[in-house]
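Same chain, two partners: subunit A is paired with subunit B first, then with subunit C.
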Partner chain A sequence: MGAAHTRGLYRPGSGPVYALPAHVKIVAVVAFVFAVVATPATAFPAFALHAGLILIAVRAARLPAGFVLRRLTVELPFVAFALALPFFAAGERIVVYGLTLSEPGLVAAWNILAKGTLGVAAAVVLAATTRPYALLEGLQRLRVPSIMVQIATFMLRYADLLTDDLRRMRIARESRAFTARHLGHARIVAAGAGSLFIRGYERGERVHLAMLSRGYTGTLPDTGTVPATRRDWLFAAALPLLGALIAAGALLGAA
Partner chain B sequence: MHAPDGFIDGPTSLAMGAVAAAGLAVCVRGARAELDERAAPRAGLAAAFVFAAQMINFPVAGGTSGHLLGGTLAAILVGPYTGALCVAVVLIVQALLFADGGLTALGTNITTMALITTLVGYPLFRQLLRVLPRTRGGAAVGAFIAALVSVPCSALAFVAVYAVGGTAPIPIGTFLTAMGAVHVLIGIGEGVITALTVSAVLAVRPDLVYGVRDRLPVPELRIRPAPAPGHGEG
Partner chain C sequence: MTAPSLEVSGLAYRYPDGTQALYGVDLRIERGERVALLGPNGAGKTTLVLHLNGILSGGLGSVTVGGLPVAQENLLEIRRRVGIVFQDPDDQLFLPTVRQDVAFGPANLGLRGAALEARVAAALEAVGMSEVADRPPHHLSFGQRRRVAVATVLAMEPEILVLDEPSSNLDPAGRRELAEVLRSLDVTLLMVTHDLPYAMELCDRSVVLSDGVVAADGPTRELLADTELLARHRLELPYGFHPSADPAP
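Moving on, here comes the complex of A and B:
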């Protein structure tokens, strides 16, 4: 897995979505996902419209469909849970193709699948079109406390080093013909985790001292975040506003 | 247990977002006392450690595996406030950079996995240290119990959120039993890994373990005579 970690899902590219400042995109995507979550589960056409919005966003971001689809697999554990719902949930039973299923369970399964999928797809567009460090600077602009943004920045910078350390320890163990097979082997694996923590922490101490000696005062310098213009906000607002309209329409239609 | 979008309804997700924000604000204040203001690199490395440690999978039962949540471990190693911040940061980064865990569910996920685990695990660990022997083994037993208890508590908190704003009509009793049972098993794994990791760190750098600072005697520096010359020189 190695270096892929700190890049997140970022996919180098260009275009109007890439050009938007990170904090504008974060606000737009979070607001859109809330609109999706607020849509009543039985308003099926509304979900088609939401999906249409996401497709437009994917096209505008010039992301390949296969890339987005592959990333949707992240929610697979919950797909399994959702598929089990019609069998376990309470409520009226209906017979579908010879299976006795709970009707509210079916609706709930659809609800989780549809909203979860749309949520992941929206988050993929955000993560694929925004550099990881730009995302963190976006958080800072959104008034997330500086200490949290700094922790996230250092975490991102060193996560690869630490996971590589972990991988090297595993290779070292396996080259001595050891593989963890049951919980009794946890002592060996945990000893690795312990030394990983010590190595990481000592590295943190060295980095901290090196930074202090270069004049670090507790804040990271702003490396040129782009302020958002009115146009940026208007362009990005299209997604959540249309999403909210769809949700509002569905709510009114359901009432 | 990274809940996706759509699992919890909108109003409850918003409310949980507010709860998480308030909890994190408390942690930011508390972390200032634990770290000195400029020690963000060290906290960042601790977060990177939690991130990496979450990739350590351990077998649970019947071919399924669990991974470390790391809340109690982080709290014992770097302090409860900083530990909770580290786990929260990991969750935020996973949601924003990896689309792992729903954005609307972030408040719920942070509350159950970062705040509840440290809120339960750390005070319990400190209380246990009072009655356990002041040794490395005692600290390991305390860490085991604290981590073991923290995981089902986190699951219970999730069930509570679910009872308020869940979207699927599962009887709460059934859900509670299922979540509880699975998470006791995961908790055992979490406890074993937490205890062994704390013990391994204590063996080498006891000064780095925040949670036992004032409880375990610091081993004194011993000076050993140099081995007799004559080997491998020249």
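Moving on, here comes the complex of A and C:
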């Protein structure tokens, strides 16, 4: 149960980045990602500057480098795709260390790798310094449709209960000497999944009933979110503003 | 003279699928009473409870709470006046922290800021759960969660507190702690249960609901001593329990 404190991508800690209201951080990260994406792929020094910004953000958030690097592995599937591009893309071919590669393919691969890594790194900083529920409150503040925020809130709250249900059902199966050994047993496991769905659905109805009984009218009352000060906005804006400056410089330089 | 906390008269209800659950229920509960609603599974207890705050409606008869009829235009006030504590606290506690969950009801009533905080603090204090305010509900024991569930409706300052099987799944200590909390509350109480000793411990008066009608209504001690009545309505005392041997409250 204690694992729930650190469940997900959040990493308990403190500091100026942790203290920022969630919606401010969300806006800053999304704006920064736009700036990165707007940077022309061949403006290599600009990407070094973007990476420098992310490093500063990681430092400000007091996140260990190893932690961020481990979290970055989530983009590995995209890396594999990017690495394949120089071999298979069409266009002018050049020879690098004895390999014949497509030049546009190389640029495209670099484009995906550099922008992907920067975007994921910014998201890692956001997720590591913001509790999951705070992220949802941030989205609500940013006027994301309330129904979507509520669905995500319930998912977070009830994921544990559903996994517990699943675990109990597995224990009950195994206690009756069942182990999934071949494909024919998939039917039994699927029946378990089906009954889990029904249970989840019925619980949803009961939760809704309990909410109605306490005067729920369709929106969750906002009682807890912290309003952002001008200082918060200025501090968080540093990342996307500098990113935008770098992108603008690169665009002008390329023109 | 003040209006009774709850007055149900001639309440009949048939589910859309044709199952008739209530056949004309009459029940009057005065302010400050603690009443147990007894009955076997399928007697219509839950159906009756869901009528008390207007979740179900559309049948015959009427329900009034503190003099206010349960009707569409009064629904928000009715739901403030009738605090239902459901059987599974995990159905009731759906927000990230205990504090937010207890605040949910009063916030729906429009309370904000210091007034809201005071409500939450008072409700948690009443059930002895102040120290867990900032914890997520799934980190609490089952007994603690049930007490927090009681706090979530107390925070709405209800006219009548309705508990659905309050003692289910509680260990003996949790059961006793909840009984102490319920006895300490200054509120009208309707307790739906088939835990007869618990009814006897907490409620002077009991109502037996069976086949959609009130089959008996009287002092709990007398009803539980009537073995024939209990047997007629599939109610049974636990082995070794004699209502006359129980210490008088």
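Keep in mind that, in the parts below, the second predicted complex is superposed on the first by the 216 of 255 C-alpha atoms of A that agree within 3 Å, B and C clash if a C-alpha of one lies under 4 Å from a C-alpha of the other, contacts with A are read in each partner's own complex, and residues count from 1 in each chain.
Here, a residue touches a chain if its C-beta (ideal position, glycine included) is under 8 Å from a C-beta of that chain, and two chains touch if they have at least 3 such contacts.
Note that the structure is a prediction, hence the values are computed from the model and not measured.
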item	value
Which superposed partner A:A191 touches (first subunit B, second subunit C, both, neither)	first
More subunit A residues in contact - subunit B or subunit C	B
Partner chain(s) touched by A:A248 [first = subunit B, second = subunit C, both, neither]	neither
Touching partner for A:R203 - first (subunit B), second (subunit C), both, neither	both
Subunit B versus subunit C as contact partner of A:E75, first or second or both or neither	first
Subunit B versus subunit C as contact partner of A:T217, first or second or both or neither	both
Which superposed partner A:Y133 touches (first subunit B, second subunit C, both, neither)	second
Which superposed partner A:L142 touches (first subunit B, second subunit C, both, neither)	neither
Partner chain in contact with A:A89 - subunit B first, subunit C second, else both or neither	first
Shared contact residues on subunit A - subunit B and subunit C	153-154, 156-158, 161, 203, 207, 211-212, 216-217
Subunit A-touching residues of subunit B, taken from the complex the two chains share	3-7, 9-10, 13-14, 24-25, 28, 31-32, 37-49, 51-53, 55-56, 58-59, 77, 85-86, 88-90, 92-93, 95-100, 102-104, 167-171, 174, 188-189, 192-193, 195-201, 203-205, 208
Subunit A partner contacts - residues on subunit C that touch it in the complex	50, 53, 55, 76, 79-80, 82-84, 86, 88, 90-92, 94-96, 100, 103-105, 107-109, 112, 116, 136, 138-139, 152-153, 156
Residues of subunit A that touch subunit C when the two form their complex	1, 4, 133, 153-154, 156-158, 160-161, 203, 206-207, 209-217, 220-221, 223-224
Subunit A to subunit B touching residues, read off their complex	8-10, 26, 29-30, 33-34, 36-38, 41, 71, 74-75, 78, 85, 88-91, 102, 104-105, 108-109, 111-116, 118-120, 122-124, 126-127, 132, 135, 139, 145, 147-148, 150-159, 161-163, 165-166, 180-183, 186-187, 189-191, 193-198, 200-205, 207-208, 211-212, 216-218
